[in-house]
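Below: the structure, in structure tokens.
Order as written gives the chain letters A, B and C; numbering starts at 1 within each chain.
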């Protein structure tokens, strides 16, 4: 009896150990499964078209039948042999998705030799996928935000130089199209532009007794105090995403530094002029006024009613510094159908004594690049896409906000956006967001430094030094 | 289970029946008598596919990552800028990364000193015949099968300022306990630890329960008959017998803590100001989002080495008696 | 423990513990309380999401902690009537089945060889398999992607399933090997006496006996595959191939403003795993404890 008991026990305890091993190993197994999520943030250079109004679908005009028309270069003519363009864009929801599909269909109808395989890809995903695709076979037409990221990407040798094929029409897209050029060669074209400014609640300003939006930094600081005294959160910011923080510092840089200084610093990836430190000191002054919503360091920019855009849309904050896409983001963050009438816009206020170019603005745009596989057909398609007729159609469909082609501007109907567009037309230069203008790793380092500064870490000098430090690594 | 069988199987030596244990290994001594071509054939049939799969899709990519780690490479241009160990030096000079290591260690420490005792206490308490135990186990386990993306998004929504959690505190009359759960650099790491505990603790409890049920009732009852109090019985009988389960729990929990990625990545992106950065979020941030593939690979290798060294040491000193010392053997 | 055993022959014991002392009654009460707390803490976030799907975004914004009033079915209905959701579900299922099947079959074969054969380098090979435990797949994502492209496995369910199976092999072998080792040699002797070959023994005796451990590894592989994000993200462009987690992420960014709809989609995408778990849990937990008890 005793011996039998012993044996059973021994067996049990052996098994139990193994079992424990099984089970506990299992715990970690799932813990190991690293996984990342689609985060809607990025360089803030995307307009997410929404489906608020579906204006009467004006048909884009049929493309001119002359192929890459107007080009003197025969190499730019649409080849007569059939070609299928794979097109990756980030408008993965309507109205943008259908609008782009229609543009492709219409182009195919006019040029039967060119067919499309349209691939709408979610914005954050496309940023991971394009660099990886460039190591192999990239799509023929793909999303491109220009600047330093483009300069990095062309090292792959897979992006077509479309300077010749676009020379006859690139002028229609304004001088900002140079953001899609590297060393004077056009590697992509923009189809819409963006500009960053303050969106504000006219109703809250009224409630606080502020008659006019601030034109100078000092006025902004005064207004912040006024709003705070009325228990209104003066400004909302999406600190979790970092790039909204960076918008502040970059705007202060544009106020403090002459254009040349900025351009040279971005080219050299080195910001050693004292004006960059002054920008940080301005930012310090703003932060000391404590203008932001509680918990702003963890607030996302666009996700949900608790995001910075949601706070503004719901009247829980009086201002937010954001791009023009804000108008497209806000409608779905609030139940207030009438909110658009309560929202106004003003450009970043002037800093007294700043050496910055008057009328400088911070912005960017969305565009496309061609791969080297079928550059002629791709360039012809991009010419069609950015024509005044097609862009007007895209504006009316709410697929884009501010068209790159001046001929399509008339299609904008919203009065506030018209104001933004008018301002954009009048700016002396529209500086690409730094994180886009710089190589990606350097741009991210700047965003990180500014974001740390918002959290109370580091000094103005640290922000200015961040780019140089990252570039030298 | 321990030393005897290890002698038997040491690096393929044939020591037939030295130890009269009822291990499968003993059979193998005899199998030597069979024609070895047959064993070879069977072995390649059994092991071949798994080895090919594992080498092709796990080892090879890892080896390539090690190779990249010696280059400065943005993922686009040619891979020709060899910089030796510079990427590694840079990682240890970057205070964000070094803080990331601290954060991993803090999470590991919290798991060890809070999550583990709590799990054991709960497991002991509910290790009895009670109504609804099956349901309880089911519920406790449930968060485990959710994807981290779902968990993270859910908690983000609940934790936002004036969100569900804050409302709960307010309604419970503890409004002053409200915090900027994800927005305060001093709190965010602990918030993430709580969410991780929510997701992962249940499985640990279920496993400890399984371990507890492997302990014969007779032992506890015998101790009780000897006049031991329940606490004494637990301390002197149950916990020691639960030792192997606990030791492996610790091992895997530590590895998991060192590799913590998805929750902080989705909930905070490692912020604010790097306050919830872990080694893995840093790695993805640098490797993929900043296109520094060479540097990112070096960080990956460091992460791997830290886990590996921990695993070898732990297995050598703590787990030796419980498992069959795979890593110990490998290390020497 | 053998000593205790020897001095105190076991009594027909269940009875004693049922009678219990006052402590044990208190203990039971405490157990119920703790159990209730655990259930509440665990379930509330899940309910919050599921119920959130029955509210409108306006309701959620106004009262983050409220209940649906009135109940709204549109969120769930609109998702269930789109084909994409069912596509995601089908893809996730197919990939998880392939990955689980591969890893369990190959893992069981390898674990058998590693546990019941003696050959040179056996423990080295075992250690080699455990390396996968220390290296999250995310780390190797880029080289893995290049590898898959070379093999022409992009935009292909196998391109996701095969690497997932490979990374699950580590845990599978680590779990199965000791389990298979513990099965007494006498059984193998008996099988040999009956004229069975070793492979026959593996197939007819060892595998059925290993069922609890096989269930455990299968469930782990399935859940891992089901929740995996970064690999399908890299391999698939075409939404027709997306898995549920990719779908959740895409959906969440498409409707990031419509919290209620995101809740509904999130609930629906966690239901299959929860459902699967409800079915399998008796086997997992029962299998675990059953195996422990021997």
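Everything that follows uses one rule, which is that contacts are C-beta pairs under 8 Å (C-beta built on N, C-alpha and C of every residue); 3 or more make two chains touch, one makes a residue touch a chain.
Remember, predicted model here, so these are calculated numbers, not experimental data.
A.B. asks: Quick check for the class: compute each chain's Cα centroid; which one is farthest from the centroid of subunit B?
C.D. replies: Looking at centroid distances, A is the chain farthest away.
A.B. asks: Which two chains have the most C-beta pairs in contact?
C.D. replies: Looking at every pair of chains, the most contacts join B-C.
A.B. asks: Using mean CA coordinates as chain centres, what's the subunit A-subunit B distance in Å?
C.D. replies: It comes to 37 Å between the two C-alpha centres.
A.B. asks: What is the distance, in whole Å, between the centres of subunit A and subunit C, each centre taken as the mean of its C-alpha atoms?
C.D. replies: Inter-chain centre distance comes to 38 Å.
A.B. asks: What's the distance between the Cα centroids of subunit B and subunit C, rounded to whole Å?
C.D. replies: It comes to 15 Å between the two C-alpha centres.
A.B. asks: Could you list the positions in subunit B whose residues touch two or more of the other chains?
C.D. replies: Within subunit B, residues 75, 144, 147-149, 153, 157, 160, 162-163, 206-207, 210-211, 214, 216, 218, 241, 255, 259, 261-262, 280, 284, 288, 323 contact more than one other chain.
A.B. asks: Could you check subunit C for residues that touch two or more other chains and list them?
C.D. replies: 1, 5, 10, 133, 136, 138-139, 142, 146, 178, 182, 223, 227, 229, 245, 249, 252, 259, 288, 292-293
A.B. asks: For subunit A, what residues touch not just one other chain but two or more?
C.D. replies: 5, 9, 12-16, 19-21, 23, 25-26, 28, 30, 32-37, 128, 132, 135, 304
A.B. asks: Subunit B touches which residues of subunit C in the complex?
C.D. replies: Those residues of subunit C that touch subunit B are 1, 4-5, 7-8, 10-11, 13-14, 16-18, 23-24, 27-28, 30-32, 34-35, 38-39, 41-43, 45-46, 48-49, 52, 63-65, 102, 106-107, 109-110, 112-136, 138-144, 146-147, 162-163, 165-167, 169-170, 173, 178, 180-186, 188-189, 198-199, 223, 226-227, 229, 244-245, 248-249, 252, 259, 262-263, 266, 269-270, 273-274, 276-278, 281-282, 285, 288-289, 292-293.
A.B. asks: Spell out the part of subunit B that touches subunit C in their complex, as residue ranges.
C.D. replies: Contact set of subunit B toward subunit C: 9-12, 14, 22-29, 31-32, 39, 42-43, 45-47, 49-51, 53-54, 56-62, 64-65, 68, 75, 122, 125-126, 128-130, 132-150, 153-155, 157-158, 160, 162-164, 166-168, 171, 198, 202, 206-207, 209-211, 213-214, 216-226, 229-230, 237, 241, 255, 259, 261-262, 280, 283-284, 287-288, 293, 300, 303-304, 307-308, 311, 323-327, 329-330.
A.B. asks: Quick check: in the complex, which residue numbers of subunit A touch subunit C?
C.D. replies: The contact residues of subunit A facing subunit C are 1-2, 5-6, 8-16, 18-23, 25-26, 28-30, 32-38, 40, 88, 92-93, 119-125, 128-129, 132, 135-136, 302-305, 310, 314, 329, 332-333, 335.
A.B. asks: In the complex formed with subunit A, which residues of subunit C make contact?
C.D. replies: Residues of subunit C touching subunit A: 1-2, 5-6, 9-10, 57-58, 60-61, 133, 136-139, 142, 145-146, 149, 168, 171, 174-175, 178-179, 182, 213, 216, 220, 223-224, 227-230, 233-234, 237-239, 245, 249-250, 252-259, 288, 291-294.
A.B. asks: For the complex, which residues does subunit B have touching subunit A?
C.D. replies: Interface residues on the subunit B side: 1, 74-77, 90, 96, 144, 147-149, 152-153, 157, 160-163, 180-185, 188, 200, 203-204, 206-207, 210-211, 214-216, 218, 241, 244-245, 248-249, 251-253, 255-256, 259-262, 265-266, 268-269, 271-275, 280, 284-286, 288-292, 295, 322-323.
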